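Inspection log for the structure reproduced underneath, given as structure tokens.
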């Protein structure tokens, strides 16, 4: 069932509502593609472990004009997908996706659009997951944090998250959701697992998963994490290869990249 | 006769209506420039064979700001062109064009604009034509399919089209029309002729033409296909060369590419 | 005196009206930077020879965010400038400018905005001037034409302008004004002086000036054309050098190009 | 406290009001990152010396989608920041920021938005500060000026500022504020300290500071200027390094730059 074709607030967002039975005052956990794919792995894994249900799909001209062919013979557009699950009467909303917009203004616009969509569910906290690139192989990755409110810092310090040590910037949605969340009065934190940065990192993902499990008293079976990582890696490689093909024609001079 | 200067729905689309005698509930066949120029060749050929009549021209700032000089001494803008033909009381709408937009958001915007324009004619099916690049020379090219509805898969399987084998993404309009068609409730399929990918391919075009002819019981004379291919190739080379000239100044430092 | 800060039709155009005493039904002659700077030289020269008066200045975010320092110690923004002159009771409107927009959609948008502005004066003809790059040194440059109406072709053929020989595309405003002029019902022609393409060409400019002088029975003194060319060349070099500086930081990594 | 989430005039600007106790008819002094970081150093220093108070923060999708991690464990978005101070009953408004927009249209759009915001305070003068790159090491840097009104030229000539000698263009906000200020009837001047251009220049900053101190009879202690310069340089390096990381993925083919 299709909802609004083009969101009223932001005419560049297209939502397809699958269901609306989301409870209010939930915790939003965001895992989009990024360093070490830590965020994507963590949230994909939570969705599977908690048997979360998809309730909305989000499309945008901010994504490449590329359509994925499925084994079934059908196609699907690049998208962000919202899931929800209820764990010991706590509501969770998960956001995962295929890709982040390249263009600066789209990053802001998409974040704003999604935050305003989430407002409907009066979220009480937003957690974005990412990797913190160290360029080194790390045996026991720590989890670093950056938040938009002191209460978040206090809360996650107790769980072993380290604040004030990560330097520089958080680039992309993981940072913008936290910083922009403040404008909407939503406490938000970015949890970053230490990772080399050059490869997909199940270990860093596990470190972050453990913080979340502890915080929300979730029981998580980590046995399939390694397998999940391999699937994630393969899927992302495919999207990247297509993107490469698409970006070449600007340098070369043929039009043959369109089908 | 000029219709709306700027479409009400999408202020970036300019339609010039030539005629409006298009019957409703037709089949839309889209062939835009892409891999092996398969789509463009197929639909250009169908237009000629079926003596289809032009009924609308579509301009957009998504196209390069480039005007083609005709032998007659006149100029014409880069465009997408709509044709229609009635074959044994079945209505067909054809869409061909000079070029696809480079920018991601324009691809989405143009597809959306054209789909909404087509809604006026209540199309019962959209078929986009493309090439499926294999990087190999293929004696007997097969036709691969990707659809937005199970009914399409069933229908075209009977005609020998192969589903679920093509992997990766469809980039550009051929994919977006199919995926976005679903939002408007229009069954749609992308038919891709296997092709090397590095050259204009009459053979792949013929394979797709045969599927379409069989499906709609059209009688098609293939004898002029080879000739058509040569003309298409030459025309596309000219546009590409102009584009090259236009893209250079960003690297070089003269303004001389504007006339 | 400043008019509308941001044009109602197109919120990206800023017009500064200097005067409004322009007579209706005039001939518009457009000379923007392009191949061999032929268009700019021709129209700058006509403005000087006919003592045309500036009546409007046009600014746009389509131009680089760059401000020119004048000898007087004042600054001026990059702009397009409208002039008018009345020659033997024929009204002429001239359009000259510093630069053409780089982005494709801006080219279309700026042309549309300017055409709609010009509609106020009910122009009876638009002539755009350009160079036709031949890559060869030409002793006696001819003038090639491309028009949007048969009546224009007939008219200018009589004056020795050659139609149907120029191939390929006209890139930028010189072509778009002619092609888009048709949507507004204005007969339009692009006159192109044959030129090498790699240097500023006074000779090609003279060839086009002679066609215009003949057509409109103007008396033009060509003695200062060579001097004018040198000044034009120097001014354009300065703008290009600044542009180069501005475009470098995307590759390098300092922010120092902003003052 | 948050004010308008998205400015009414320009939907791309987000203002966060901290306070509104700004007196009208003040002098606006703008120092954004640019050549030699002269503008940023001068205005950062004035803010500290005059104990100016922050009264508004400005965010924009024109800035990179990047969030800075602070030592406190909190994050902040890239921003422009407004301060004000009252010195011997003269009101001053200061504008500083992290970065200038890369895209041409954003430069115009942001300048317009900020000028319209400033109109609320009926500013009587705008001074933008920049560096004038000479490519040479200069012992005693002079201050060059470019203004939008004769009265400004007269006024600053008395203070030793040199007009008409600087050639070429002023790129970015320092120039646009002055040129666009004219459309709003605000006298404006760009003061440029001569500087090599390849390094952060405390000396050029001091030369400009002296002009401003003299003009407004401010007492400025220059002893901490050198220290300030070092801090500024380090902070800018960090932002640049992050930007570099962000810009690489377009060439490379991983998505790992997002956290």
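A, B, C and D are the chain letters, set down in written order, and residue numbers restart from 1 in every chain.
Note that a contact is a pair of C-beta atoms (placed from the backbone, for glycine too) under 8 Å apart; a residue touches a chain by one contact, two chains touch by 3 or more.
The model shown is predicted, which means the values in this text are computed figures rather than measured ones.
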| field | Those chains which touch chain C and also touch chain A | value | B, D
| task | If every step must land on a chain the current one touches, say how few steps get you from chain B to chain D. | result | 2
| query | chain C-chain D contact: same residues or different, taking over half shared as same? | reply | different
| chain A and chain D, separation of their C-alpha mean positions in angstrom | 35
| request: Note the residues in chain C that touch 2 or more other chains, in rising order. | output: 102, 241
| query | Who touches whom among the chains? | reply | A-B, A-D, B-C, C-D
| task | Would you mind writing out the residues of chain B in touch with chain A in their complex? | result | 32-37, 39, 99-100, 102, 104-105, 107-109, 111, 130-133, 145-150, 153, 163-164, 166-176, 178-180, 183, 190, 192, 197-198, 236, 240-241, 243-244, 247
| task | In the complex, go through chain B and note every residue touching chain C. | result | 2, 5, 12, 14, 16, 60-77, 102, 106, 238-239, 241-242, 245-246, 250, 253-259
